[in-house]
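Letters A, B, C and D name the chains as they come in the text, with residue numbers starting at 1 for each one.
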Amino acid sequence: MIKVGIVGGTGYTGVELLRLLAQHPQAEVAVITSRSEEGVKVADMYPNLRGHYDGLAFSVPDVSTLGSCDVVFFATPHGVAHALAGELLATGTKVIDLSADFRLQDAEEWAKWYGQPHGAPELLPEAVYGLPEVNREAIKQARLIAVAGCYPTATQLGFLPLLERGLANPATLIADCKSGVSGAGRGASVGSLLCEAGESMKAYSVKGHRHLPEIRQGLRRAAGQDVGLTFVPHLTPMIRGIHATLYATVVDRGVDLQALYEQRYANEPFVDVLPAGSHPETRSVRGANVCRIAVHRPQGGDLVVVLSVIDNLVKGASGQAIQNMNILFGLDERLGLSNVALMP
Amino acid sequence: MIKVGIVGGTGYTGVELLRLLAQHPQAEVAVITSRSEEGVKVADMYPNLRGHYDGLAFSVPDVSTLGSCDVVFFATPHGVAHALAGELLATGTKVIDLSADFRLQDAEEWAKWYGQPHGAPELLPEAVYGLPEVNREAIKQARLIAVAGCYPTATQLGFLPLLERGLANPATLIADCKSGVSGAGRGASVGSLLCEAGESMKAYSVKGHRHLPEIRQGLRRAAGQDVGLTFVPHLTPMIRGIHATLYATVVDRGVDLQALYEQRYANEPFVDVLPAGSHPETRSVRGANVCRIAVHRPQGGDLVVVLSVIDNLVKGASGQAIQNMNILFGLDERLGLSNVALMP
Amino acid sequence: MIKVGIVGGTGYTGVELLRLLAQHPQAEVAVITSRSEEGVKVADMYPNLRGHYDGLAFSVPDVSTLGSCDVVFFATPHGVAHALAGELLATGTKVIDLSADFRLQDAEEWAKWYGQPHGAPELLPEAVYGLPEVNREAIKQARLIAVAGCYPTATQLGFLPLLERGLANPATLIADCKSGVSGAGRGASVGSLLCEAGESMKAYSVKGHRHLPEIRQGLRRAAGQDVGLTFVPHLTPMIRGIHATLYATVVDRGVDLQALYEQRYANEPFVDVLPAGSHPETRSVRGANVCRIAVHRPQGGDLVVVLSVIDNLVKGASGQAIQNMNILFGLDERLGLSNVALMP
Amino acid sequence: MIKVGIVGGTGYTGVELLRLLAQHPQAEVAVITSRSEEGVKVADMYPNLRGHYDGLAFSVPDVSTLGSCDVVFFATPHGVAHALAGELLATGTKVIDLSADFRLQDAEEWAKWYGQPHGAPELLPEAVYGLPEVNREAIKQARLIAVAGCYPTATQLGFLPLLERGLANPATLIADCKSGVSGAGRGASVGSLLCEAGESMKAYSVKGHRHLPEIRQGLRRAAGQDVGLTFVPHLTPMIRGIHATLYATVVDRGVDLQALYEQRYANEPFVDVLPAGSHPETRSVRGANVCRIAVHRPQGGDLVVVLSVIDNLVKGASGQAIQNMNILFGLDERLGLSNVALMP
């Protein structure tokens, strides 16, 4: 039984880890921390957990307690894992970070996008980018995993088959992404109120969103060269889900895109390539650790349109974190992640 | 392994049975029928099921095929089970009916509320009302189970502790109930369009809703006498969930209501009495087979306010049907029903 | 042209005043205040106002500037109008307060429910309760109007015809009310996030909500005696709208309730009694200054069910405030309030 | 006073015409037709209209009655206006068609996309495309106006400044559009149910949507040459609103895009170019006849991102139809269209 700690369990990715781990046959949550909610039972804060974690309460983060765990998940705002990860690794505990702290390999670029110095650049060389579909072998050996972000997961999984095979022009990629409001977290901000975000659609951060360098880094690795990417995120009036609509120019119209995608993901348990002509809905993955993808070439032109959907809190965060944990501990990758999406 | 058949699998309670049974370790779906979708794979109609039921397709209902199952669920509009249930029982197959066909013990009353003659009155004497919290022993012996309806489940579980003990005036009960739109089913009706039911609230069927006689019958049994009940259902702009707000006049202000409710449901795995002063949210049971209840007596008066929430598709339909199946087949009642509610 | 000032214009009732006053032919907004947004143009904060108020910016509240207005609306949290109203009245400016500061005639009761001393008890004797359907003559003569609250408007208009005529038992009234989330205001609170309040329904403040004494005071005036009222508010996953479902026991089953309600409101421009058997939807009043009411007596019993809907931001706040202003200044009561509800 | 007829008034564009015309000082609705609802009062079908159209009832379409109107709006599915428009024009009545029947100048192309022969090709030469921002002079002289569609309005207004001046590569245009569900109309279809379209996002018709040829035709006119356009519409879980996110490659990075857009629309009463760096929200135009636009060039590259929002039922349909009527009859273009968007 894997002994799990969670730092920062009061946000949406924290409670989602709890929801999923409650079903995991080989892991149990021993510690969950929150400075602001010390002593509060998790089931009092999140009544959906009643009957599943009745003894578990939030405690103040503490290295010795967390260090007794086999693995610690960070479900924290950026910057927090920088400070604690090194100490935990020193105790032999594995770290799986759901925040952005170790996703960018370049500390300078991190500092530029996050507006503060990187707090643990010495750990970057060993941080493994936690996107199993590209990094499974490295994940097996990792001590420190930086779980891929939500937009980056949907976007990379959609573009990878094209870029890895050099089938698209890497200079003119576009990712038009739509996210549910839970992507903004559980913080009390006016922009996330039901009365502000409900019944409305808007783009945001068009001049540059923090996930842009992360996506670009991943696509560059796949393409073997620099890529030009325009990334436009949108806030969508729903709770969960990301729909990435991806545009790329194919360099060879003769390629069988459907076969390409099916083959690329044939052995991936959590990527589902839909039949030709399909339009995936975000609700088809609600609560499930799946990315569903469809690939189109409208009117037979040279522009490919890839549709890629995930639940931002599952395959875009907590589910993917557990998938990484399963790989890291040599378990069946699907353990605890086999629930069916909630539809309707 | 229990061999399961489902009649009428294209509606919301049908797909919900599939979602839940996919996780059930002791049951497998062998047959699912739909006249209109014959030959269509369930995963093509409901893409959330992809990867879980890839071989299963809708077939035309047929007694010999269904009769090879250990149990057949009816997830059909009213009237369908009347015709088929008897034939299936004759083959030795158990029947668990999610429709209203066998819920009312009085065929005349059924005919009055449903506007057509009862199609199988001879089966009524052996039909067991499938609300485990009141009927567990009878369910164990049943051949034909009429699963309690959605409003009736939330309302009865909320009123039972008071009525069984004679602590409320049975003549002046009020159930003000709010339901998500999935309660109206998957039929294409204007009133259930997002543009009609979204961003709005309304009452409906105030002069008399079909669940009224069912609730009244259940409360009469609990109270040991006739009850006077006003039932006002409301359509709420959400997909899942029922919130029943129940009003009753206590006959003895000295009773400890909190203790009464906690004791009544102490051994019920799927009824959760919240701490005093709580306000349950429907999302705390989204996707889960739980009824959460809180009991209040505002300003210390003699009016009790009970708040009772369920997911209408789970504890109000498909989850409860599986709970009945587990009891019927001597399994742990919780098998396949332990998933955590999806929140947010 | 009436010169209008608005104190506290950044919340939802403030922007709603601006929306409605933009169409008013006899009023213009000269001053709008907000300490936190000083200097910000209203159209920069609320882009729906672009093209309508391009010169208007928030300023710091100041008695001399506000005192140059004919009337000042307070769209502020409770407590603010206490401090300023007296000073403004001294300059000859009329005050229309949308907050709860002057709604309760009893300063002690106000202090009890709002948890602080009443800041201007000397003004209470002249404060007129701004519900035109009961107080039109007093409003014409007022200097200080306390606009009726949202729940209180829907509830009082629904109960008045019964209580004014002594046709219902005043001791057993129940108001089961459902409100959209805008009723909670534009403050950044976790409970009002789309991810918290969306796709869910819950009751709140069952033990006692601040609108309870206000409603009770109004019903007592109508009934000519004390009333017993149980008031249960619910949070509904929509932006605007209140649906009040009201229960009362009639003392004479022979009365023609439909005629009673139609006659009571025959000359009211903003109360619409629907045909017998109707179920009003909140969307039928979205954005409009109307209360729509239907009255039922299910199964011919002695319990009356009244359904009453308003837009909480219009007839429940800003529209009603303008209606009061029209009366106060001797204008046609309907000026600026004739727009049609937005449906769908 | 302009005497107005409406054919097909039961759908969303029909009721929206009624909502807007109720405020129009120079027009009155004399006739409204619907075969299925003959004799039903419009206010019984749409209770938001109660008090505004109390005498008006649906009648069977009839050329002599409609021919007595000054102008007839068609708010019908495609194909209906083909049959009736000619007859009405022969009586001297002007026709403003909100359907797609006369939008494409090429009858063959219409037949191809709509799957049936064009029913009135002889009228095409005189049909004027009703997008005032490009066609105001022709509209003044028209007898038959084909009101621009919803996606086409948002998309064309967003691209026009670039294409008219030859500043973008016309071969690589992308329109990623998000629409509320009211765009699908009021027909009872499963895909538009709250339980299907709510809390989910999906693309549809990626291989080719009927608005594609209409947009292409308009952009070709602006560019003076053929254009290559990829158009991907998405269904968004909200009632009203279109958000078009438009991508184009600029041919000259030196151009001041903000100034270009501001100048192009300086005299347009219903196109609002937001300040540089803005992100328009669809709710900022809810219920209002406005298109709000922002223009970006992320990271200073050569890809321009234009954000363009409208209310699909107003500037994308009924409001634009009235704008056309105002122009056609020589009125102030803004008459009846000055209401402020509903926010929140």
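Note that in this section a contact is a pair of C-beta atoms (placed from the backbone, for glycine too) under 8 Å apart; a residue touches a chain by one contact, two chains touch by 3 or more.
Remember, predicted model here, so these are calculated numbers, not experimental data.
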* Most widely separated chain from chain A, with each centre as the mean of CA atoms -> C
* Centre to centre, by mean C-alpha position, how many angstrom separate chain A and chain B? -> 36
* To do: Would you mind pulling out the distance in Å between where the CA atoms of chain B average out and where those of chain C do?
  => 39
* Asked: How many angstrom lie between the CA centroids of chain B and chain D, rounded to a whole number?
  -> 45
* What positions in chain C touch 2 or more of the other chains? -> 12, 182, 186, 195-196, 198-199, 237-240, 280-281, 283, 286, 344
* To do: Work through the pairs of chains, note which ones touch, and then classify the graph as line, ring, star, complete or other.
  => complete
* Provide the residue numbers of chain B that touch chain A in the complex, in ascending order. => 12, 15, 18-19, 22-23, 46-52, 182, 186, 199, 239-240, 272, 274, 280-281, 283-288, 290, 292, 338-344
* Asked: Contact residues on chain B for chain D in the complex?
  -> 12, 180-182, 186-190, 192-199, 237-239
* Residues of chain C defined as touching chain B within the complex -> 172, 174, 176, 178, 195-196, 198-204, 206-208, 228, 230-232, 234, 236-241, 243, 245, 247, 277, 279-283, 286, 296, 298-299, 301, 303, 305, 307, 309, 344
